[in-house]
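After this come two complexes, each holding chain A, first together with chain B and then together with chain C.
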Partner chain A sequence: MEVLGQQLFNGLTIGSIYSLVALGLTLVYGILHIPNFAHGALYMMGGYITFTMMTVVGVHYWLAIFVSVVVVGLLGVLMERIVFHPLRDAPPIHDKIAAIGVLLFLEALAQWIWGADYQSLPTPYGQVVNLFGLTVTLQRVLIVVAAVLAMILLNLFLKKTFTGASIIAMSQNREGAHLVGINTNKVAMLTFMISGGLAAIAASLSAPINLVFPGMGHLVILKAFVIIILGGMGSIPGAILGGYILGFSESLGATYLSNDYKDIIAFVLLVIILTVKPTGLFARGGH
Partner chain B sequence: MKKGLVLGLIFSLVLIMAACGGTPTSSPPESNNGSDSEAPSETPSTEDSQEAKVVNIGYSGPLSGPAAFYGKRTLSGTEMAVEEINNSGGFEVNGQTYTINLVSLDDKYLPNETGANAKRLVQEHQTPVIFTPHSGGVFAMQVFNEQDNFLIMAYTSEPKITESGNSLTVRIPPRYDGYMEPFSSYVMERFGNKLAALPTATQYGKDWTETLLPYWEEKGGEVVYESSIDFTKDTDFFTIITNALNENPDVLFIGGPSEPTAKVAKQARELGFEGGFIIMDQAKLDEMKRVTGTYKTFEGAVGVMPLIHADYPGTDAFVEKYEAKYGEKPGSEAGLNYIATYILVEAMKAAGTVDDPEAIRAHMQDGLDNLPEDKQVYVIPSIGEDGGFEADLSVAAVENGEIVSIKVE
Partner chain C sequence: MSVLLNRRTVVTGLILFAVLFPFVTRNDYVIHIMTLSFIWMIGVYGLNLLAGYTGYLSLAHAGFFAVGAYSLGLLTVEAGVNFWLALILACLFTGILGFLIGMIALRTREHFFAIYTLCVGYIIYLVIYKWDGLTGGVRGLIGIPAPSNIGPISFTSSISQYFLVLFFLLLTIFFIYRIVHSLTGRTFMAIRNSEDLALTLGISTMKNKLVSFVLSTIFAGLAGALYAGFVRFIGPDIGYITITFDLLIYLLIGGIGTMSGPIVGTLLIVWLSQYLQFLQDYRMLVFGPLLAFLIIFYPWGIVGIFQQWKQKRQARKARSIHQEENRKDEVELDAGVSADQEQVREG
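Up next is the complex of A and B:
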């Protein structure tokens, strides 16, 4: 029983990270109509910028995260302007190739700036706390709370504000949105900004429990692809739910089935869900 | 439509995996005319024998991707030795002065890439010797190194690479199976006989596990949990550690690159583990300490002696020089590759040739004997019949937050 509780919490922690990364990916899918392969690299840049702000500049963790969100958000905008905007009328394969190019470029850039070594991101919340008989660190509680908070804010923004509604409108129909007077350029940039920001939040929250290194994006990006396929391409509730499904299936699968096969369990789950609902849990258009 | 999309996705993933090509980075040696060898050359083919000739030495290792930090640390040891040798005017073989040109290629830790790199090094650069820091790459090169006639300087403690009977392989570090006895008896005595194994999910980690676990059981121990951690896929280790600790082990067997291994130990402590650790020789205690800031996290850990705490004749000078050049403290990767380069040069001198791998291999013992004392970052007395350097194992444990040396018979 104690193990079950502990593993549920572990699943919640890792699921929160997955959800945040998948959210950014799914939002940009609405604009690009391809999964943005460079999203993992944005995640990695987020980790590095928080790391640099904390160790070199010496600011507080929260301020460092804020800077990281802004910088990576702008990096996302830059990426949209320089790479994806000129390709908006090209066939989708061009976007894919461009995204892979950006991924390789950013990884090489990070290795050039910060070196190939593992870096350890310090956290002011390293204390071990006992939560209802579970052993957790404050950082992990923080991951869960901050992720949920970010998701609620994002949802409010998309549902309750005009700008948010225009993002959804554009993801549903780009030309239609253009016709009713939405500035699609502005919305595309904004979406990339939010997507980059979410990646930076996810990386900054998770880096203290792991490490910061040029390949850290690979840890989450493949799983984020699985999540958005599972949840339905472009669907926001799908990304959130899919993230938690994957998180729980990993932690519970590792406990009650086999740790060595926990990835297989996650992928079998994907196959089953896609067999029953080929478009994913939430079909597109039903935001 | 969706099907096409998923297919496209898979295709693109394949592209990601296959992407990025290795670029050779070769640093030409400093041209130096300061050599004082005025003796006439014995090779009649060259006209001006006073000019230093260049011998190419190959390196193939991970210089990009997740293991890049490891590749760079192994390369930097060789690089530093080469630079020192060239700056001091090169070395003399049969009256002819040579400088070294180190040609390094990236293999991304993939054995097939190592094989391709080796072919390229031999054909394009005529390298008589190739350094490589991983067992997979060594196995790949051993398929053809005797035909293509080049010597492998293998930085791996895998015993199988020298057991295969390859006549042109030199294993630089001590083989890891020697660590089983001192590691096991130390933690068994101090903590108890229940072991949970959580090493890295690489081939090397699996081989280590397969050597350690039978030994542990033979000594009367019990293995209560066995799994592995894939550091290239797992963001969080809490899940697997929770499961391992649920079996109440006295000792955890962990390993992999130093930094993630340190995180595993730290998370085990956070989950209330109070026992000891057996640390695979890939991870180094001093590098692990950099992650947590203190040795206290690793109380009761037994592993290889960190180079900076060792006291061989040349260690201190090397640590100082290395830190000045690279801005970080060296580990055994750098130290062993550094002296291996010097030993190789001494062996070339003794063999009287720079391009006959068989002769160089045959004079490797002379190379060990002639290594100047100030270069002895480690003391390696002999090389075995099988091509492995035979050095005393240096084992360390953490007691009361400090590194102490453990005697090995």
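Up next is the complex of A and C:
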């Protein structure tokens, strides 16, 4: 029973991270209809910037995360301006290839700046706490709390503010949004900023329990794609729900099936879903 | 007619150059790199058929490359099968796997297809990596035999291996050329340009997409099998996504959806990588932005730039001829009009 409880909590932690990454991905997909393969690279940059801010500059963990969110958010905006904006009318195959180009560049850049070694991020919250009879590190509790908080804030922003509503409007109908006077350029940039920021939060939160290295985004981004297909491309609740579903199935699968093949679960899940329903679960309209 | 003659001489010249190349350089290292780039070209041609001509971007190609390589490696090392039989079986096996995956994968479109194949590629990589008992896991497969002799011809020297791979490359190019310029090829392009329209015209898109997918995986498998026989050692890394990205870079820089793109792109990037060896793992600092830049400004690659330039030149020539004719017409017309006027005045 205790193993199960422990694994469920693990699932909650991993699921929170996945949800945050998938949220960024789904927002961008909703607005621009591009699968941003470079999102994993943004995640990786987020981890490294927090790492640098803490070890080199020596600021506090939270301040480091804040800097990381701003920098990676701006990186996202830059990416939109330089790469995706000129390609907005190109055939869909071009966006994907351009995104892969950006991904390769950012990974090589990280390796050039920080080296290929695995780095561990120090955390001020390493102590062990007892939570409802489970022994967990404070960092894991923090991941869940911070991730949920970020999701609530994002939801409030999208639902309650005018700017947030314009993002929703644009994801519903790009031409319509343009017609009623929404500046689609600004909204696209803002979306990339939020998306990058979410990736940075996710990476900074998970880095202390995982490690920071140039390829850290690979698996996470692949799984995030699985999640947004699971939850419907462009759907925000779907991304959150899908993230937790994947988190739980992975942590339980690792314990009860095979630890070696736990990373395969997500992909097998995806293959099954797309086999049964080629447009993904909960697909909206023509997409 | 002159265009045809022109193309024929270019192709003959290139083949002649490729045949004479090892005797000219006599440098084993250069021949080694050249052979390797020929192997990549075979894989890139496979990818080109699917992504360039049919419009489906598959990101599982390194997986199929690895399947081909491992099939050959396991058949020759573990089962002791003759190299040539193993080569055929490896291609066949990759093709069958491609058929099964394609049946499901091709039900999806555009982004879903790219993501689906990305995941399939990753599953193949993970299986090779984790299935210690069969594939040797991280340690890889060692001691794959070189191609066995055919009669008096042996394939132990680097020059003979070079010719073997060149033979398969030429076969691949010939095959792809015939497909692309056949009705099947036109059908692929119709699907690329608009799948719905192709469907409306009565084209069985699923069947044609599947043919394209299976062929392209067979070429990937062939390239993988040749790679295994040439390098004689394979590890799970050859199935990783980076290899797919490498193939994609070769294809895009050369020119996606063009006949000569894979040759141009592969040769250029492989040799550029040799000169940029001081960059090592950082070469993507150059190639990553280059990829994004090309797709924004020159989506059809170097070959595309060349073709555009040729077309422009032809158009200009045609226009100047046209203008000259127009001018002549105008002069005649003017002359006619003035003659009429004179007649009127006289009358």
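Everything that follows uses one rule, which is that the second predicted complex is superposed on the first by the 257 of 287 C-alpha atoms of A that agree within 3 Å, B and C clash if a C-alpha of one lies under 4 Å from a C-alpha of the other, contacts with A are read in each partner's own complex, and residues count from 1 in each chain.
The rule we apply is simple: contacts are C-beta pairs under 8 Å (C-beta built on N, C-alpha and C of every residue); 3 or more make two chains touch, one makes a residue touch a chain.
Everything numeric here is computed off the predicted structure, so don't read it as measured data.
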Query: Now for A:Val102: first (chain B), second (chain C), both, or neither, which partner does it touch?
result: second
Query: Between chain B (first) and chain C (second), which does A:Asp263 come into contact with in this model arrangement: first, second, both, or neither?
result: both
Message: Touch test for A:Asn10: chain B only (first), chain C only (second), both, or neither?
response: first
- request: Applying the touch criterion given at the start, work out whether A:Ala116 contacts chain B, chain C, both or neither, answering first, second, both or neither.
  value: both
Task: Name the contact category of A:Leu198: first (chain B only), second (chain C only), both, or neither.
output: neither
Message: Let me test your reading of the model: by the given contact rule, A:Pro278 touches which partner, first (chain B), second (chain C), both or neither?
response: both
- request: Please work out whether A:Ile65 is in contact with chain B alone, chain C alone, both, or neither, and reply first, second, both or neither.
  value: neither
Message: With both complexes overlaid on chain A, does A:Leu87 touch chain B (first), chain C (second), both or neither?
response: second
Task: Applying the touch criterion given at the start, work out whether A:Val226 contacts chain B, chain C, both or neither, answering first, second, both or neither.
output: second
- line: Check: chain A residues flagged as touching chain B and also chain C 34-35, 92-93, 96-97, 100, 103-104, 108, 111, 116, 218, 222, 225, 229, 233, 260, 263, 278-279
- prompt: chain C touches which residues of chain A in the complex?
  reply: 33-35, 82-83, 86-87, 90, 92-94, 96-98, 100-109, 111-112, 116, 218, 222, 225-226, 229, 233, 260-261, 263-264, 266-268, 270-271, 274-275, 278-280
- prompt: In their shared complex, at which residues does chain C touch chain A?
  reply: 51, 55, 57, 104-105, 107-112, 114-116, 118-120, 122-123, 126-127, 130, 241, 245, 248, 252, 281-285, 287-293, 295-296, 299
Task: Please give the residue numbers of chain B that touch chain A in the complex, ascending.
output: 2, 5-6, 8-9, 12-13, 15-16, 19-20, 64-66, 68-69, 71-72, 227-228, 232-236, 238-240, 242-243, 246, 257-260, 263, 267, 270-272, 290-291
Chain A to chain B touching residues, read off their complex: 3, 6-7, 10-11, 13-14, 17, 34-35, 37, 92-93, 96-97, 99-100, 103-104, 108, 111, 115-118, 120, 128, 135, 137, 140, 206, 209-211, 213-215, 218-220, 222, 225, 229, 233, 250-251, 254-255, 259-260, 263, 278-279
